[in-house]
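Below is the structure I would like to discuss, written out as structure tokens.
By written order: A, B, C and D. Residues from 1 in each chain.
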Amino acid sequence: MIRFALFGCGRIGRVHADSIDVHPRAELAWVYDPIESAALEVGKRYGAATAPDVDAAMDDPNVDAVVIASATPTHVDLLTRAARAGKAVLCEKPIDLDIARVDRCWTEIAALNPTVMIGFNRRFDPSFREVRERIAAGDIGRLEQLIIVSRDPAPAPREYIAASGGLFRDMTIHDFDLARFFLGEVVEVYATGANVVADFIADLGDIDSAVTVLRGSDGALCHITNIRRSVFGYDQRLEAFGSDGMLSVENQRPTSVRLSTATQTEAAGEYLNFFLDRYTTAYRAELDHLITAMEKGDQPSPGFSDGREALALADAALESLKTGSTVRLGSP
Amino acid sequence: MIRFALFGCGRIGRVHADSIDVHPRAELAWVYDPIESAALEVGKRYGAATAPDVDAAMDDPNVDAVVIASATPTHVDLLTRAARAGKAVLCEKPIDLDIARVDRCWTEIAALNPTVMIGFNRRFDPSFREVRERIAAGDIGRLEQLIIVSRDPAPAPREYIAASGGLFRDMTIHDFDLARFFLGEVVEVYATGANVVADFIADLGDIDSAVTVLRGSDGALCHITNIRRSVFGYDQRLEAFGSDGMLSVENQRPTSVRLSTATQTEAAGEYLNFFLDRYTTAYRAELDHLITAMEKGDQPSPGFSDGREALALADAALESLKTGSTVRLGSP
Amino acid sequence: MIRFALFGCGRIGRVHADSIDVHPRAELAWVYDPIESAALEVGKRYGAATAPDVDAAMDDPNVDAVVIASATPTHVDLLTRAARAGKAVLCEKPIDLDIARVDRCWTEIAALNPTVMIGFNRRFDPSFREVRERIAAGDIGRLEQLIIVSRDPAPAPREYIAASGGLFRDMTIHDFDLARFFLGEVVEVYATGANVVADFIADLGDIDSAVTVLRGSDGALCHITNIRRSVFGYDQRLEAFGSDGMLSVENQRPTSVRLSTATQTEAAGEYLNFFLDRYTTAYRAELDHLITAMEKGDQPSPGFSDGREALALADAALESLKTGSTVRLGSP
Amino acid sequence: MIRFALFGCGRIGRVHADSIDVHPRAELAWVYDPIESAALEVGKRYGAATAPDVDAAMDDPNVDAVVIASATPTHVDLLTRAARAGKAVLCEKPIDLDIARVDRCWTEIAALNPTVMIGFNRRFDPSFREVRERIAAGDIGRLEQLIIVSRDPAPAPREYIAASGGLFRDMTIHDFDLARFFLGEVVEVYATGANVVADFIADLGDIDSAVTVLRGSDGALCHITNIRRSVFGYDQRLEAFGSDGMLSVENQRPTSVRLSTATQTEAAGEYLNFFLDRYTTAYRAELDHLITAMEKGDQPSPGFSDGREALALADAALESLKTGSTVRLGSP
């Protein structure tokens, strides 16, 4: 039985609490949140103790692993403390908005050889995973082009956007990681964007629509399309085109009902609404991966360096957005 | 070059005139219709002479083949005269509404060994044909279950229905032939029906909704669903289920556009509207089959006996509708 | 908290144990199975006591409800005892293979006004349920034709089939209930069948392929296609055709991946394998319905009479299979 | 009746000959090709005279319009001569590979106010056209993102590629025009490419895989994915994403058959093989548009300037490929 402490009891924290709860070999021992009512609510629901402060949970020798689902600026401190305390870590993305701080964090903990997993949940989506396995099995030959479409149903609130680090570090970062999951290392980044969704996003100096082009080290090209509002719901698709075929991942729906009427045929219903619905299975598989890795003494994946590289791609995209030119990435 | 005379210049006659017109090795020599204006219009459009009477066209030694697309009661006479005149025949379904008359017709012409093809156009639909060829190629093993859905967009007018011989002889007859195309001989028929579409159809003593069950001589079961009104359009589908898989034919649309909005996803447009649109290719392939058979000296298929057997199935369905019991078919 | 006793720890018993386990307001108190090892295994997994005999569980005053998932011949006795003990009941289908015994059971318990739910899980499938709700909301006007396709991936073992009561009482019974869910009362039944899957089924005097036609009291026609082996997996589809449109339920898959290669395009993967996978959500919603009904003091649905009527339809189908004629049903 | 002269009797020339042949108000009077046998073959097939030289056809006062389907370097001369001779022109893309020459051509003929249409056939594809009309009708609100996928089944021969002007001017030019059809004017271009298909293409200094990003004057972003080999066939898709929804165009197949087996479900067949099959309807609609415009005295569209602008985008893409930077376009 792996005993967990959870830091952060907001939306994503609750997802992880739920995954821990249903896992047969995991137990939620502690929850902590600066907003005490949130911690109490989650603690009560899952039968976990509410930690009065970070230390109470972090220093408990019975805790094996921590989940960091708190506000982004707190990630590095919590991650560092957890590593020092010898706990395994599942840290939500991004590690931090400042890549220099990320690198300092690693410098500080590398010698501890910590068990760190970054919460890029999409790698654990059964459909994306199947595509990767089938590429590895040779179903489409050599991967040559990758198309990722990732659209949120509606923009997050102003406060969230303001603290998010911008579209690339907040939203595209998932797609950067997904691209790396398929392409391996990325050697070039180009990005451009627009403001078409909400004035407040432009006011914050951020974009709300973007197209990003990546080149993998083996010549495969990838483009990513993002926007912060899609009226028909969470649009999460992927096409992997290769020398011998193509594998694609379609959107997913809660039911398989279709309607034909006098004005249309075979209209389907709405997609799984947002990440909590679409990626439920992925979040659970992600946690299971960490637990299984801990049991076997393996390093989980994606690890710290994957979190670092996705952030580096986001930074490169931001630079490209400003300069209008391709950014070439050095060796990590 | 095969020279054709066309009897009947209504809707289906024009379809055949068009097929003859675009066929590189066919020519429309004569058209005839008791409504002279119809004959004149079609003749003018396709550069054919308008026959003042049947004889003028039927007795022209330069005519190689006739298309019988006139009113059903005239089919047997025209077919008999054409056979005697040594012309090849493409006769629209049904040969006649009275199977005894059909049998007498054959008795009269059999010795002439006439070249007769019956207009069961669906056998020439590229999708249905592909299914048959793939079954023959073993793609789904042994055929065990066949599901045919055939729904018209809207009921024909009262006068048409009144003269049609009823749902089974007019509409299901196409599905009976299609079933025979896949199953081979049919040994049992069960049918039931309902009146849900239009009062005038009930007033005529006819049904407007039907379910028919067939058993093939090799144990395969088939059911056919018909209705005379489908608000979403002409619904023409088929599923062939076998020991090793299933082949299905979906409906077809003029474009491949799909629309996702706030209330639905991937809604497609309307289907090809009715038989003239859905089966354009089939009608042309049907004519080409006749022409090719004539050139090679082969008998075209489906032939006279196929027209007779489909009618026998319609009669059996009608009997079953009345008795509520399975009708077993003797050897033809 | 509703406390359950589970009778029968086989495949379907475990499904219910799991549903109870994950339900926030339910608890599995007792498990019983004549095969002690099965009971021990399930009891251990879900933290329930293993009952040495039926009485121990049935007479426990702390038990609120029982789930009857044991062999069919034991259903009536357990159901009767539970009703007398004042427990709510979720009884797997069929209540019994002998409708006379079912009727005697009801005679015996009716005065107790028992809370009885029959395990027709498909009514709780989100897709089928959505179709029913949308029909009720008027999305397709008046229901006129219903097509149900229900194919098992592979035949059950000989012993199972031998004790099953035959295809109609064992397999089609789910479809009969589903038909009633949409059509309301059924007034006519016709059925026919064939043996195409496995010799041992014919040897047992049973069929393995069937087509059934139903007529609802309002004139809607329904047909059901069954077979005991589908190489491409569990085939569970439905089409509800109405005066204003059609709602259909497609098969469902664990992922949304599609593959295009040199020989095919957009090939999808296998379907959810069998009822445990396809109807997981349905089984949980079914249990939740019972619990909510108990909490509110409502009768759950489908109830005893629904179990009785589905069996009556199976019996009528069997009679029709033997006579080749439509069977008309009297008022229940 | 519009009388045509056709210059160039290769693959695309024959497409136009066929469109003229089936058009009820058009007639093919002359054909010319420097390879006499090609001209003779096409002339014979469609009943047109074979011109001994360009003049014979161009100077015939009975010729109303010319189709220029000859080698690209001959386009400007033929177009200029036709304009001077007062003939309407349908000129295949590109007008020329050298934009300076294109501009000089226009300078020379502008005063003649010639009727010139450029053969961007995709604008006449019923699916793409429907998307445009539905956008205009407000179905998806404001257009914000456009995704075009355009993949050829197999690379053209070395000689073709060598003379083609490169991927952007030869292949992407269709997508540039399609993008303009939806976006209106394009203000920015970014392009990158790779060599993954065939060594001979790299040897010619050309790329065989490309991703292009465009920005429309109203802020919409577009990306185009091209490759010169797709084993599953001609891949021609489009997604138009807007503030209120999304319209997409799927690939199209000759039949609607799907196959489910033990290893896959609902696999469809191959796509319409290449442009001759996929765009048959488009080519005919294109010709009909020219004829109708001539009859009404309207300028057809796309016109000379559309041909010029698509080439300007191709040139900009090539520049971006070389510099790695966004190219901003001035006013045309």
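Note that in this section contacts are C-beta pairs under 8 Å (C-beta built on N, C-alpha and C of every residue); 3 or more make two chains touch, one makes a residue touch a chain.
What you see is a predicted model, and the numbers here were worked out from it, not measured in a lab.
Colleague: Out of C-D and A-D, which chain pair has the most contact pairs?
Modeller: Looking at C-D and A-D side by side, A-D shows more C-beta contacts.
Colleague: Using each chain's Cα centroid, which is most distant from the centroid of chain A?
Modeller: B
Colleague: Let me have the rounded angstrom distance from the C-alpha centre of chain A over to the C-alpha centre of chain D, please.
Modeller: Averaging C-alpha atoms per chain gives centres 41 Å apart.
Colleague: What is the distance in Å between the mean C-alpha positions of chain C and chain D?
Modeller: About 58 Å, centre to centre.
Colleague: Please output the residue numbers of chain A that touch at least 2 other chains, ranges allowed.
Modeller: 231-232, 244-246, 251, 259-262, 266, 269
Colleague: Tell me, which parts of chain A touch chain C in their complex?
Modeller: Its residues touching chain C are 22, 126-127, 130-131, 134, 139-140, 244-252, 254-262, 266, 269.
Colleague: So in the complex, the part of chain A that touches chain B is made up of which residues?
Modeller: 231-233, 251, 253, 259-271
Colleague: Okay, in this complex, where on chain D does chain A touch?
Modeller: Touch list, chain D to chain A: 142, 144-145, 147, 149, 151, 188, 190, 192-196, 209-211, 213, 215, 219-221, 223, 225, 227, 229-232, 235, 241, 243-246, 323-326.
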